[in-house]
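Read from first to last, the chains carry the letters A, B, C, D, E and F; within each, the first residue is number 1.
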Amino acid sequence: MKLVVAVIRKEKLNDVLASLFENDIHGITVSHVQGHGGETEKVETYRGLTVKMELTEKIRLDIAVTDPFVERTVKSILKTARTGEVGDGKVFVLPIEKAYRIRTGEEDAEAVTPVLSTL
Amino acid sequence: MNKYSLSLGLMLFGVAFAQGQDPATISWMLVSSAFVFFMVVGLAFFYGGLVRRKNALNTMMMSFVSLGIVGITWSVIGYSLAYADGNRFLGGFGYFMLNNVGLEGEGIPTILDFVFQGTFAIITVALISGAVVERMRFSAYMMFITIWSVLIYAPMAHWVWYLGGDGGWFKNLLGGEALDFAGGTVVHINAAVAALVLAFMIGKRQDFGKKAMLPHQVPFTLLGAGILWFGWFGFNGGSAYAADAKAALAMANSLLAPAATIVVWATLDYFRAGKVTAVGLATAIVVGLVAITPAAGFVTPMSAIIIGIIATFPCYFFINWRAHSSLDDSLDVFGAHGLGGITGALLTGIFATNFGDPEAATGGLNQFLIQFVAVVIAAAFSGVGTFLIASLVKLVLPLRSDDKIEAQGLDVAMHGEEGYSDGEGALLIPVSSSKKAALVAGQVVSS
Amino acid sequence: MNKYSLSLGLMLFGVAFAQGQDPATISWMLVSSAFVFFMVVGLAFFYGGLVRRKNALNTMMMSFVSLGIVGITWSVIGYSLAYADGNRFLGGFGYFMLNNVGLEGEGIPTILDFVFQGTFAIITVALISGAVVERMRFSAYMMFITIWSVLIYAPMAHWVWYLGGDGGWFKNLLGGEALDFAGGTVVHINAAVAALVLAFMIGKRQDFGKKAMLPHQVPFTLLGAGILWFGWFGFNGGSAYAADAKAALAMANSLLAPAATIVVWATLDYFRAGKVTAVGLATAIVVGLVAITPAAGFVTPMSAIIIGIIATFPCYFFINWRAHSSLDDSLDVFGAHGLGGITGALLTGIFATNFGDPEAATGGLNQFLIQFVAVVIAAAFSGVGTFLIASLVKLVLPLRSDDKIEAQGLDVAMHGEEGYSDGEGALLIPVSSSKKAALVAGQVVSS
Amino acid sequence: MNKYSLSLGLMLFGVAFAQGQDPATISWMLVSSAFVFFMVVGLAFFYGGLVRRKNALNTMMMSFVSLGIVGITWSVIGYSLAYADGNRFLGGFGYFMLNNVGLEGEGIPTILDFVFQGTFAIITVALISGAVVERMRFSAYMMFITIWSVLIYAPMAHWVWYLGGDGGWFKNLLGGEALDFAGGTVVHINAAVAALVLAFMIGKRQDFGKKAMLPHQVPFTLLGAGILWFGWFGFNGGSAYAADAKAALAMANSLLAPAATIVVWATLDYFRAGKVTAVGLATAIVVGLVAITPAAGFVTPMSAIIIGIIATFPCYFFINWRAHSSLDDSLDVFGAHGLGGITGALLTGIFATNFGDPEAATGGLNQFLIQFVAVVIAAAFSGVGTFLIASLVKLVLPLRSDDKIEAQGLDVAMHGEEGYSDGEGALLIPVSSSKKAALVAGQVVSS
Amino acid sequence: MKLVVAVIRKEKLNDVLASLFENDIHGITVSHVQGHGGETEKVETYRGLTVKMELTEKIRLDIAVTDPFVERTVKSILKTARTGEVGDGKVFVLPIEKAYRIRTGEEDAEAVTPVLSTL
Amino acid sequence: MKLVVAVIRKEKLNDVLASLFENDIHGITVSHVQGHGGETEKVETYRGLTVKMELTEKIRLDIAVTDPFVERTVKSILKTARTGEVGDGKVFVLPIEKAYRIRTGEEDAEAVTPVLSTL
């Protein structure tokens, strides 16, 4: 099992989500983060104080998937999150040793297969 | 202050009284002016809460900057074109640069009339912005309202409210006066049609119809609606131009019409979606107030309730339809102010009573027709005029910000600020480098 | 507007004056009405800031919706039951549907009295909501206040303020008049007891006593307190029903009593917790204002300061105790308005002076007893009445939302909205599917 | 309420009128007092939005607490030292504890003068806080303003506005009266110099010049600016002490001067940074209002526009320079109120006209010199006085919070609260343990 | 050493914290996140715009523990965060290669043993 | 490749960023988190309700670096984020199996080397 961690542009979230859903990836955790990379900094000015904003708002996705799903997940993100301009973000793949579903106590692969009955 | 100015005051008061100025009227008109002024702040929050976080400041600034710009255009030339003697279609230059606008004046000092009317001009202009938020270029907006406030607002105010000579155009339309107590035509229909045209010309937001663009702070919208309603008591009540029973009537109607609209709107919401929404309630407040504006001093309180009820329907269904259409009148200026204003103007033609004054107009088919014609003329003038002015501005400046800025949010790009910030990751640009930078004229990074 | 309406205004003014209507009084009462109106907005923010984020809109809506509902009930029947001629215990139907409520009237036009009194009815009802926030079902709340505003508020207003015939019940209680300048009994004690009963009937929030439920936006609470204080100058000052020295006195007292409460409350806070809290200061403002309300035009400014000081103690210690008790009067309506109102009503019986008017009541043991009896009657009536009305509503609708919704927050469940949102992860439901959905009547997902 | 109090009112009104009290004037002064009161709320939000999130409540509390403290000092002794008969330099004890401050009085009841003037004292004191936010110890602040409001504010108000005997000191300075219509000297220069001195004595914030300390909620700052402007109509308009043409003039000028400042400020911003900033616009509003304050009833509207334009320059460039200097007058009290006030006071000496009243002063070199001397005296008195009072307070309490608290934010440390919270991770301290804790006197964790 | 990452319901945070403290787990980092899983979506409506909220507010816990503590930590969370309804969340266990305490520079096991002296 | 995860004091963010930039570490993702450790709790009081705030605002940094950069990154953080008082935070090093740059699809080492052309 892997944890796919992606940092993407804020305005791309909806597109990325849609594409993940299409690829049957339904378990996703989203955080609001700020990023610093090669992007041009914004300059702001408050009553004569000029400041350089080193951080840009970004979205971080954490997606735990079983090994066969990793490629699909990464590809789907790489495709939909791209604009081609500096600042598109990164995808990292981390190893997961163990996963549990809190509701049932199921482990590993079972833990991350969502029940879609309610949809 | 205190006793000295007091005696001075009494002296002036003596003078004033001799001229037929009544302190009680002045007191009420001073307050009413301040109330209408406050509506601009309310509008900034009403609109500001409805947009996305990244455009909060830009949206609010569109209201606030009109306090500056229209405050100045109104004193330089707007008031003159609206109220100085001229012909039926346009005022003259008699009040240019506030010439002859002084402490004298029948009833109230002319300078007070100037202030009261000025706040109307300011709020009208600010209303338009709701249609073009989140994408219009701020500099183009400033240029547009500078011209619009002079060429569109002032003439229409003249038609409806000018009383010298034969009166303005609308004082005698199809043989009767088009009734507009507090500005249904001049303020609401006028601004709403301008908003519609501008929304068409500028086009929809990139995300429109693709993403959900939700209000970032509904409490601000409720605050704005509350302040608007509060201020509207001065807007409608002050339009009686006296602290009398008519003003009280206008005030009662301004309480009851929106109350009725709230109830009906909530009921429709409840049946449609099973829920009474807060944004809906705030919208209902505005719709009810807009609808009663032209009628406020002409109808009985029960008629006000009926007007509030009737006006709900066109506005409610239009706004619900609009969201799914391809028309990005982003904050529904036309749906609320346009349809509300038109409904109110037409119903005024039906429900108006003369309260025992044989010379006053009463509702009926004839009056309804007059109202109808007035609405059509006002809408046509505002629409065409807005189109021409916006086209003119477009020659100089693009009306719309580029797509990248729109995606990033206008606050940072147009104002160099964020609405909400905790300053983290914000590095101060040191004095020395910023001083150097300042030498490079027009450069963005400067001290 | 401008000259035409002006002359019209002057004409009416002539008429009005002939009837003994005074423009200066009208001016002040118009303003006062707007001020009291604004208190409802203030209350929405005072309460709204104190709840959790997930219930912000629901809490604010409880105030805002009363503008609609009570605005209508008051015009249909409430004003009539309170002020139309009837017996000592209840008014009649003479003002039903605003019949006979017109531009005439001694002193001020009846329609203006209607508006001023209407704003009192609205704020009273809204005050109750503080006890049941974060769990009461919105539809049950709407039904409750519709009935309560008619059956409880209107009669009590009649007892205290009706002047026709022999006057209302409280005009002659134990041989004297129960003094209530601006509504300590009718507004504050009345609302507070209703709040208490309702809180008991609905029960405490699931998290009460288990989790810390902290205010989500203290600045909103400060804003609300500021607006309430501002509006209260119209509430107390306008209750003089004239722009005279009495109104000025009421205003001074409304500035000084809360100032004193602030200072004492801050001192108590400082000794108890080493800190002067902002929520405490906002509460102190309300407590001081409530306490001076019944006394505002009857006591000297120094007495106002003393009343502000004394009232702090019961409220402060009760509110501190309440937090640890099992009584979930969530925003301390009883602690602030109930105890503040009772303390104020009783102290009015002690500190009242007649300012040289031999016919006016003055403080003393007798007056104290009258005040005491009035408080008991009002509390009993409000308590029993509220219990019956809520029981009635319960037959139709559960008073309380279910536990899941309470955990999720009422904003989404009851209003389909979130107070603060950035729209991310929000997918638009496309027109076609939503149109289809709309065909299924009553379904939640519709256009 | 209603008819009873009405007749009572009419009776009193009869009395009042006999004494020369005019209901229309009273109506306007009641409203004006409420408006100036509301400015304090506006200031809390103007300042509160500009600081960092962790200090939002502390900053707002500095304004709110002055409502309590100065409300009390003003009634105990402040009003007496300012307005009771004494010599040219200080009032007497005639109004100590509101003795002799009653319903009588020429023009308006003395108690109303007390209220109106009291709101001025409160706002002046609150203005100072802008220079020392985010680091001053709250208890030291409370002690400081208690003393300052009595020893500095009251005397200066006496100099400028006392009219008994030979009048206050400034009524006859170099053979003429130093003109100050609504408090440019007493309120703005006074507060600004005090702010400057206090900022120097307390020193800069630890992060000053090192980190970017950005406004945490610019919308609050805009709201505050809007409320300030609204309230300022009462501040300047009410200073006419009558509902007359002079008040209308003051109102017009209070609309136009800031409008002009907005336009010029926006233009400067645009050329400097390519952007019209929202914080800049809010600042411009305040600067324009400050500058017109001393002149409001003395100059023509066109002069008001010119004053608004001229005042922009010193303030704009000073504020821009200040940000890079080592002077941490955190929210630019001196840059806006000091320089704006001085510019306005001096320009009043140039632009004042007598509006046909031969006894009134007019602008010219002589008047300019008088204004200059008045500014110097006021600044010196405020500066020295502030230094002495702050030194005195320092003997008892450190003026400044310690560095750890400053880093953590003053809200939690000084007020035990957070401005914005979702209550997560907040564990209730159970009753029993907190009860026990409460037994330990002075301990922080108590019930 | 492991990093235990748990995504739980917002309203369960206080309970989970209490249970972790009881189990002597005192070093915890909490983030506000939004999650998408098998939960029923909320539908909202703004002036005729009907939207489906794909994301629900959740809390993410990051807890670095030495190997012997892993089980205890996971169990404690699984037990207290459960409601039995879809949406209870997940627990993931990731490997940590190295840990440092910034204050002292201590490494690994020492780095994550909190000083409770100040309590 | 490693993911360096640091939890630091809020007020130290600017210093840490500056020091990372000096060390040529430019790809950083920042999140606002809340932490519980050995810090003294703040006590707050709302109308008689006394509450202990178990959580303190912290900043979390996620920095993906190639192996040779790990030490530099960690050292730089350890040095600048320290105040010496309890609550300074932790640094964890986690293994990354794969990294991608969304803009270009570059992998691993290339993926995390920022383009600084726009600076």
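Criterion: a residue touches a chain if its C-beta (ideal position, glycine included) is under 8 Å from a C-beta of that chain, and two chains touch if they have at least 3 such contacts.
Quantities reported herein were computed from a predicted structural model and do not represent experimental measurements.
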Each chain counted as touching chain B and chain D at once: A, C, E, F
Contact-richer chain pair (by C-beta pairs counted) among D-F and C-F: D-F
Repeat of the D-E interface, chosen from D-F, A-C or C-F (over half of contact pairs identical by residue number): A-C
Inter-centroid spacing, chain B versus chain A (mean Cα positions, whole Å): 44
Distance from the mean Cα position of chain F to that of chain A, given in whole angstrom: 18
Rounded Å distance, chain B centre to chain E centre (Cα mean): 50
Numbers and ranges of chain C residues touching at least 2 other chains: 22-24, 27, 31, 108, 211-212, 214-215, 217, 273, 275, 277, 279, 320, 323-324, 416-418, 424-428, 434, 444, 446-447
Chain A residues counted as touching two or more neighbouring chains: 14, 17, 30-31, 34, 36, 44-46, 48-51, 54-55, 94-95
Graph class of chain-chain contacts, one of line, ring, star, complete, other: complete
In the complex, chain C residues that touch chain D: 22-25, 27-28, 31, 35, 52-53, 83, 106-108, 113, 117, 160-164, 167, 171, 181-183, 209-219, 222-223, 225-227, 229-230, 233-234, 237, 239-249, 251-252, 255-256, 258-263, 266, 270-279, 281-282, 284-285, 297, 300-302, 305, 320, 323-324, 355, 357, 360
Contacting residues of chain E [partner chain F, same complex]: 3, 17, 26-31, 62, 64, 94-103, 105, 111-112, 114-119
Complex contact set, residues of chain D against chain A: 212, 214-215, 273, 275, 277, 279-280, 283, 319-324, 332
Of chain E, residues touching chain C in the complex: 11, 14, 34, 36, 42-46, 48-55
Residues of chain F that touch chain B when the two form their complex: 10, 13-14, 17-18, 30, 59
